[in-house]
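Below you'll find a set of structures to go through.
There are two complexes below, and they share subunit A, which is joined by subunit B in the first and by subunit C in the second.
For the complex of A and B:
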């Protein structure tokens, strides 16, 4: 996700030579373009959206009122101007179905999705780190081969199938999880979240463990690792400082990169496990042709990914000083 | 780079000797991939053709477990699940190929175009555009477009085409940046060929091989998107046999008749696994890390 070193930014504005500030400027530029895409999205509707929603028998006033509601009255530039200034003020429009502001709907449903994401990522780290390290250390044994085959199989299995299989296994056969549903409140909600999180990790963990494995293998060929071995560095200090820490950067970058995938799969997972999060809201909104709500959620999900990628970049700079020099 | 990807090149008619030579170049992973895909293709053509049962027609009592008469059992409407699973294979694979083929051409063209300009401002804007488009979580963007265009096969394909080209453009741009100063490009310029001709005839073919390698992993993703959206009821809709839609129907009988999801899910996964094995095998051959 990096731009060519020394794009126009670094030349014209000296401030942008600082890597963090340059990344931040890039992130804002991308966020602006997300806004443009989200604005264009509603223009993909073939025909007049107001007429589609109201049907043929709509009165003139109704159509005008709906156009106003959808932000499609007036010229395109003035529509865009209004759209941007509304977004900046935190006004994402109003749901057509419930007439509730999009932002307040999102606010209500967001906690479930966030809990799912956090549970997933904690689980990802807990599973991918040991697996990746083990796969690197034992890559020439049966474990390494089994890992390769297992990873290929798991990555290719669609979440909506593995999710159903896990429900069959853990909720129907053994009673370790509910079949579906959700209850808010911290420790209790984990009972409802662990299986959905595990399902997403069926795809995520193999990918990340594989990346970690190959970067550990690469790191172990570096001279500073050899030097550390010669100096007699041993135990945790050796594994963390010389093997794991310099190898983590690509994995963290990938985690930032796959943030979009996690958010993506979470939509399907929320439907399978009946979790009342943003994904379910989005699918309902698509079914109801609730255009403003769809538009708002699409934009916010993009914004979320840009934010997460930016954070992954920062963590990377801290973990691997070599990345900062560039 | 492209030493061993015969099975993804538009092969036309290969002679048997050549096929055997290609087969020898493959490693274990890619061979398994080819075998799995060939099996699924053969079954998806032959089963609906040879079976007396129609994928839409009622044949017997609903929800019968697998038996000699109905190898995969019958579904909730008393239809032959075996025929439906392989009729679905045809549709899913055809849709996924359609889904991949348009973005690869558009993306490669746009990316090559972007890679051969030397304008810094255009480059910066370009980076932002591609980063922005790929920042949207894939399924959410597809859902967003489907919401606008329409929740059917047409809408699904349009959504895939709009949302998937950016990765190809990214690959093509990186590759053509390296190619734009290559000797054969300079030679073409000296010969006075037009920019468009150099782009389409000289640079794009060299970029295409890498795009094809990516297309294999994109195929997996697209078949999952097609199944996923149909699972949500926003793509292919019943009664059309489609793996994701069948999983959504069968899900209601998870407790008592699990085979309703096991068979379509298994063959959907198997298809994706076959492509994944092929892709990984070819990648390793091209990297030269073969056994």
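For the complex of A and C:
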């Protein structure tokens, strides 16, 4: 029983025949692209940090001299060379505006965003899994129809609107959460995070539960499900082994992807709930054309996303061996 | 027929799909089948004739496919199964009636090992230790002539060939020692060489384990090889039933005759195969009268006017053709 190695990569490098290593190599490649994009994207936006900092009164000479001071002089390729060689040494540069090292800014802000992401994902799994299963099993009852309608309405509701509604309900009407703000330290920080996380989940849970629902419906029509019923498989064993487990792959892949979007949702959410995370810092940095800070945040939060999708792939490979031979 | 009670007796079974708004779409209408202990009966018919739905009625999984029994009886081993509750079916499925599904290449769960699924079959019959169940799983695989059973136990569906998967499905079906094995087109998806092996395996297991067998096929040649009796289905109805030899030598229904002359293995080189004229009556658009009349050379006014004829004894078999006697003359 030999499974033939699939894909072009498998034929070129023998080491990459192992599916985990192949995924890892892909992750590194994506990280490299991310590094390039982080550098290019901010430079594609018109505007010059030196001109913004010095104001309208500055002379041409002042601007050129200041650019040199900030380390953004010279051609784009030469800037890129410096950026990469610094990055390799772990030097992300210094914020143009605050003169604080980028790593120290990110180090202060990233934990808030990370906690928001983790809280959100845990909540997503806790809500989407039972909802998706119930929506699949009871799809022909009133519950299934209510789910379809409710899910469409929730997905179409923008987070800034549902966020404000939730604040009104849980922070103003009943005092279960603060209106805004944050204090570090687990588990006390959950008090500040659960409402923002719930807000994001108003979009994520309906989408994921629907993906799970349709995979379960698809799986339940499979011949092997009928074969299991005829064999006499019953109870949790039947539901887990024959309905849920073979249906999880698309949902987990989507979860890995949505974990990534949490980072971008975070920008809006952090503004609504006044959380001192990376999102707000990034918006400010873009506005100021703070090149090193934007590069640092985009690259590091991008790495987070790459890591999350890599983990989703690993979980999938473990749950569903078919995923590995693809 | 003798006075011994048949193991399975299906009488005038009607099955309908449930459509929206309480409407029903009949898919099997007047299916009749009887089978004794250790007997092998074949069911033959074109796709859409209701063979598979009839099988599903025999293992109680019609509701999964949006269908149900409308009328008729299914007696199995002294028990009425038509309309039986799920609780009764749990005692029947696997234990009394083993089933090899149609597209059994997809019959194994892709995320589980063969061992997990076989052990499920074995433990469903009663309390037995994991160790014992494992040993029994190896024995089962050896019984279905799988070499390197230990290795196959650890394998998943995608690592096995079609023939291997089918053998594993057979092993799972006989795990609880059923009295009746239903094989729904067990060889359709397989290579011709492997088809032969699977058929001879089924025949041998049936003898070794004293099982009765229902073999469904659209291929009369396959059934002739394995079965004692045969029942021919057309458009949801049993049209002819009796000993294989009688039906193949002297069919008493024009449809059976047509199936016989269109057989590929009887073809004469250089001569066109005789195809059955017209298209098979599809579910939802069965013609009034005898359902075969639009394709039948013998059809007359009575065939068009009267309803689908019931099975009537003629020669050595039962036929649902009002011209059964004329068929006998035609054969000579």
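Simple rule for what comes next: the second predicted complex is superposed on the first by the 287 of 326 C-alpha atoms of A that agree within 3 Å, B and C clash if a C-alpha of one lies under 4 Å from a C-alpha of the other, contacts with A are read in each partner's own complex, and residues count from 1 in each chain.
Everything below uses one rule, namely that a contact is a pair of C-beta atoms (placed from the backbone, for glycine too) under 8 Å apart; a residue touches a chain by one contact, two chains touch by 3 or more.
The structure displayed is predicted, hence computed values, not measured ones.
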| item | value |
| --- | --- |
| Which superposed partner A:242 touches (first subunit B, second subunit C, both, neither) | second |
| Partner chain(s) touched by A:260 [first = subunit B, second = subunit C, both, neither] | first |
| Contacts of A:41 with subunit B and subunit C, given as first, second, both or neither | first |
| Partner chain in contact with A:93 - subunit B first, subunit C second, else both or neither | neither |
| Subunit B versus subunit C as contact partner of A:319, first or second or both or neither | second |
| Touching partner for A:250 - first (subunit B), second (subunit C), both, neither | neither |
| Contacts of A:224 with subunit B and subunit C, given as first, second, both or neither | second |
| Partner chain in contact with A:132 - subunit B first, subunit C second, else both or neither | neither |
| Of subunit C and subunit B, partner touching more subunit A residues | B |
| Footprint overlap on subunit A, where subunit B in one structure and subunit C in the other make contact | 1, 3 |
| Subunit A to subunit B touching residues, read off their complex | 1, 3-4, 7-9, 11, 26, 29-30, 33-34, 36-37, 41-42, 44-46, 152-153, 155-161, 164-165, 167-168, 172, 260-265, 267-268, 271-272, 282-283, 285-287, 289, 291, 294-295, 297-298, 301-302, 305-306, 309 |
| Contact set on subunit A toward subunit C in their complex | 1, 3, 222-224, 226-234, 237, 241-242, 245-246, 319-322, 325 |
| Residues of subunit C touching subunit A in the complex | 59, 61, 64, 90, 93-95, 99, 101-104, 106-112, 116-117, 120-121, 124-125, 151, 155-156, 158-160, 169, 172-173, 175-176 |
| Complex contact set, residues of subunit B against subunit A | 29, 120-121, 123-124, 127-129, 131-141, 143-151, 220, 224, 227-228, 231-234, 244, 247, 251, 254-255, 258, 261, 265, 268-269, 272-273, 275-277, 280 |
